[in-house]
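One chain, chain A, appears in both complexes that follow, with chain B as partner in the first and chain C in the second.
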Partner chain A sequence: MKLTEINIILIGIVSLLGVGFYGLLITRNLIKVVMVLQILVKAVVLAFVFSGKVSGNLGLGQSIAATVIVADTIVAVVGLALAVQVRRRFGTLDAPEISTLRG
Partner chain B sequence: MNLLNFIWMITIPLIASPVVYLSGRLGTHEVVLQRRSYLVRGLALLAILLAWVPFVFSVRTFLTGGLLEFNIESIWLRVDGISLLVAAMVLVLGTMVILFSGPYMAGEVGEEKYYAMLLAMIGLMIGLACADDLFNLWVWFEGMAVSSYLLVAFYREQPASLEAGMKYLVQSAVGSVLVLLGVALVLANAGTLDMSGIHEAISRSEVNRWALLGAGALFVIGFGVKVAIVPLHTWLPDAHSQAPSGISAMLSGVVIEAGLIAMLRALSVLPGFSISWGILFMSFGALNILYGNLLALRQTMVKRLLAYSSLSHIGYILLGLGVAFYSGAELGAQGAFFHLFTHMLMKGLAFLAVGALIYGMFLQNDSHASLKVTDLAGAAQKYPLVALAFSIAVLALGGLPPLAGFMSKWQIFVAGFQVQNNWVTALMIFMALNSVLSLAYYAPLVNLMYRKSPSEQVLAGKPLPMAITLPLLLMMLAVIVLGFVPQLMNWVTAPAAQTFIAMFGR
Partner chain C sequence: MERVEYGLLLAGAIICAYRAIVSKRILSSTIYLACISALISVVLFMLGATQVAVMELSVGAGLVTVLLVYALSVVGEDALDPSSVISKPLAIAVVAVVTLLLGWMIYPATQFENLMGSVDLASVLWQQRVLDVWIQIVLIFSGVMGVLGLLSERTPGKAEGGHS
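Moving on, here comes the complex of A and B:
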C-alpha cells in the first residue's frame, strides 16, 4: 500500500479507533474513560474530514467536524462533572469500585 | 413570525428552558425561595401548554394536506406522519410529567435545572423527529442525550444515581461515536447528507453495497444503545430506576422511542435492505421480549421491574416494525406506532403512579429510598386512586383486554399473521405467549396492593396533593378509552405508517 495522503488519513482513523476501543476495555479510572471517549471522537472528526475530501465536498466535511468537536466537548464536560461528583461521594474514581447496581 | 407554524413547537420549549433556569436563580433570600419554586413550575407548565398551540395547528394543516417545512440555508425540517406521532407523544407525556413534578420535585436542590433540562429535552425530541438531514438528526439526538444524562444523575447526592448517570453517559457516547462513523461512511459514498439527496445519489451512481451495509450496521448498533436492544441494554435498568420518577416516565415513554425513530430515519437513507432489516428487527425484538420478561420476573424493586418491562415492550415494537420491513405491510407499522403511543401512556402512568407512592411514602418523610415490591402491600387502602391507576397500567402493559395495551399488541399480532410465513407466525405465537408470561410479574403487584394488609411504609404514608393525582387520573382514562376505541389514534398512526412505507418504499 502506497503512503498517499488518503491512506495516511485512513491509517490515522483506524488506529485512533483502535486505541479508543482498546482503552475503553482496559480503563478503570473515570477521568481516563472520558479521555478515551475524546480519542474516539477525534477519530470521527478525522473521518469526517476524510469523507468530505473523497466525496469532493470538503466544506461540508469540515463544518461537520467543527460541529462534532463542539457537541462532544459538552459530553466531555458533563462526563467530567459527573466524575467530580463521583469522587466526592465515593472517594474514588475507580469504575469497578463504585459499581453497586446489578441484575 | 407566524406563531402557528410548527417550528414553534420546537422553539417554545427551547426558548423557555433558559428562561425557566434564570427565573429559578432570582434572589437568594429565604422568603423568596418558596415563591420562586412556584414561579419556576408555573413558567414550565405555561411553556409546555403554549407548545400545544402550534401542535394543534400543525395537525390541522397536516390533515388538510398542507406542507409543513422550515429551512435555514440548506438544512430542512419537515413534518410527516412520524414527526407528528412523536410530537404528540412528547407533548402529552411532557405535560403530565411537568404537572406531576410540581409537588414531587418541590424543594429539591436545583429544581430550576430539572425543569430547564426537561423542557430542553422535550424541544430537542420534537426537533429530532422533524430532522431531514443525517447530520442534523445526530445533532438533535446528541442534544437530547446530553439533557437526559443530566436528568438521570439529577439526585447527585445519591451514589446510585451518579453511577447510573455515568454508565448511561459512557455507553451512549460510544453509541453516538458509532452513529457518526456511519454518517461519515454515507457522506464518503453519497457526497451529501440530505436524506432525499442521499437516496438519489446512491441510486444514480455505482456505490459499494458493503459500505452501505456497514453504515447500516453502525446505525443499528449506535442508536441501538439508546433503544436498548438487548445486548446493549445494560444502562437502562439503572438509569430508569435511579432517575426521579417523572424522568423515568419520560425516559421509558419517549426517549428510547425517539432513539428508535432516529434509527429508522437513518436506516431509511440506505435503500434495498428492507428484508435484512426486517429479519434483524424481528430477531432482536423476540430476544428483547424474552430477556426483558425473564429478568423482570426476579426483580424486587418496583422501578427496576418496570424498566425491564420496557425492554420487552421495545421488543414488541421492534417485532411490529420488523413485520412491516419484511412484508411491506402497512398494518405492521401502524400496529408498532400504535404500540409506541400506548406504551408511552401505560408506562408513563405506571412510573408516575410509582412516583406518587414514593412521594407519599418516602419523600414526604424525607427519605430517598427505592420502592420495594413488598412496600406495595395494602397500598389500596391508603391510596385507592393511585393503586387503581397502577393496577390499570400494569394490567394494560400485560395485555389484558380491553385495555389499550391489548389493542396495540393485537394489531401487531394480526399484521404478523397476514404475512403468511411460518417463521413470522411462530414469532407471533411466541410474542403472545410472552405477553401471558408477563402477567406473571404484573398480576402479583395488583394482588399485593389489594389483598394484603398494609405494610409499615403504607401506614406511615402521607396524603397526596391534587397535582399528583390529576395526571394519573387523566392518563388512566386515556388507557381505558383507547382500549375501547383504539381507532381514536388512527389519525396519527395511519399517516405515520404511510410515512414508514414511503421511507422504505420497495
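Moving on, here comes the complex of A and C:
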C-alpha cells in the first residue's frame, strides 16, 4: 500500500479513534471521560470533512462536521455540569465508586 | 510535500491524545486536548474546510478548554484520575481488534486517487441542511441550560428546604 495523502489521513483518523477508545476503556474520572469523548469526536469531524473531500462534496461534509462540533460542545457542557453536580452531591468523580453508592 | 505535513500534524495529534489520556493531572490533559484541537484545525484548513477549521479552533481549543478549566477549578484539587478498572493489556487488545476491524472496513476508501471537491458550505447549509441549523439552535439552547447547571451553586438539600 502506497503512502498517499489519503492513506496517511485515513491512518491518522483510525489511530486517533483507537487512542480514544483506549482512553474510554481505562478512564474512571468523569471529567476525563468528557475529554476522551472530545478526542473521539475530533477524529469523527476529520473523517466527515475528509469523506466530503474525496467524494467531491466538501460542502456537505463541512455542514455535517459543523453540526457535530456544535453537538459535541453541548455534550461537553452538559457532561461537565453533571460531573460538577455529582462531585458536590457524592464528593467524588470516580465513576465505579458512584455506581456503587446507595441512598 | 503535503504528505509530510499531514503526517506530522496527525502524528502530533495522536501523541497529544495519548498524553492527554495517560496524564495523571487533568489540567495537563486539558492543555493536550487544546493542542489536539489546534493540530486538527490545521489539517482541516489544509483539506479546504476553512469554516469548520475556524469553528474547531475557536470552539475546541477555546471554549471547551475554558469550560474544562472552570470545571476543574470548581471540583478542586482532587481531580486526579485513579487507575483503571480493567487491565491495560486487555484494553489494548480490545482496542487493537476494534481498530483493525475499522481499518478493514474503510480500506476501500484508499482506492481513491486524488483529493478533490469544491467548497460550497453556504448553499449546502442553508438550502439542503436547514434542519441541521434548527437542530443546532435547539442544541445551543440546551447548552445554555447546561452552563446554568454548571454555574449553579444550589445544593439539593437547600432546594428541598426551600419548598417546605
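Here is the rule we go by: the second predicted complex is superposed on the first by the 100 of 103 C-alpha atoms of A that agree within 3 Å, B and C clash if a C-alpha of one lies under 4 Å from a C-alpha of the other, contacts with A are read in each partner's own complex, and residues count from 1 in each chain.
Quick note on the criterion: contacts are C-beta pairs under 8 Å (C-beta built on N, C-alpha and C of every residue); 3 or more make two chains touch, one makes a residue touch a chain.
Treat the numbers as computed from the prediction; the structure is a model and nothing was measured.
Once chain A of one complex is fitted onto chain A of the other, the partner contacts of A:Ile98 are limited to chain B, with no touch recorded for chain C. Contacts of A:Ile8 after superposition: chain C is touched, whereas chain B is not reached. Comparing chain B with chain C, the partner in contact with more residues of chain A is C. By the touch criterion defined above, A:Gly23 lies against chain C but remains apart from chain B after alignment on the C-alpha atoms of chain A.
When the shared chain is aligned, chain B and chain C each come close enough to touch A:Val78. Applying the stated contact rule after C-alpha superposition, one finds that A:Val44 touches chain B and leaves chain C untouched. Of the two partner chains, chain B is the only one touched by A:Phe90; chain C is not. Shared contact residues of chain A, touching chain B in one structure and chain C in the other: 17, 20, 50-52, 54-57, 60-61, 64, 67, 71, 74, 78, 82-83, 85, 89. Those residues of chain A that touch chain C in the complex are listed here as 1, 3-12, 14-23, 25-29, 31-32, 34-36, 38-39, 42, 45-46, 49-67, 69-71, 73-74, 76-78, 80-85, 87-89, 93-94, 96.
Across the complex, chain A is touched by residues 2-3, 6-7, 10-11, 13-14, 17-18, 20-21, 26, 29-30, 33, 36-37, 40, 43-44, 47-49, 51-52, 55-56, 59-60, 63-64, 67-68, 71-72, 74-75, 78-86, 88, 91-92, 94-96, 98-99, 102-103, 106, 109-110, 112, 115-125, 128-129, 132, 135-136, 139-140, 142-143, 146-147, 149-150, 152, 155-156 of chain C.
Those residues of chain B that touch chain A in the shared complex are 135, 139, 142-143, 145-146, 149-150, 153, 156-157, 159-160, 162-166, 169-170, 173-174, 176-177, 180-181, 183-185, 187-193, 237-238, 241-242, 295, 298-299, 304.
Residue ranges on chain A touching chain B, taken from their complex, read 17, 20, 24, 30, 33, 37, 40-41, 43-44, 47-48, 50-52, 54-57, 60-61, 64, 67-68, 71-72, 74-75, 78-79, 82-83, 85-86, 89-90, 98-101, 103.
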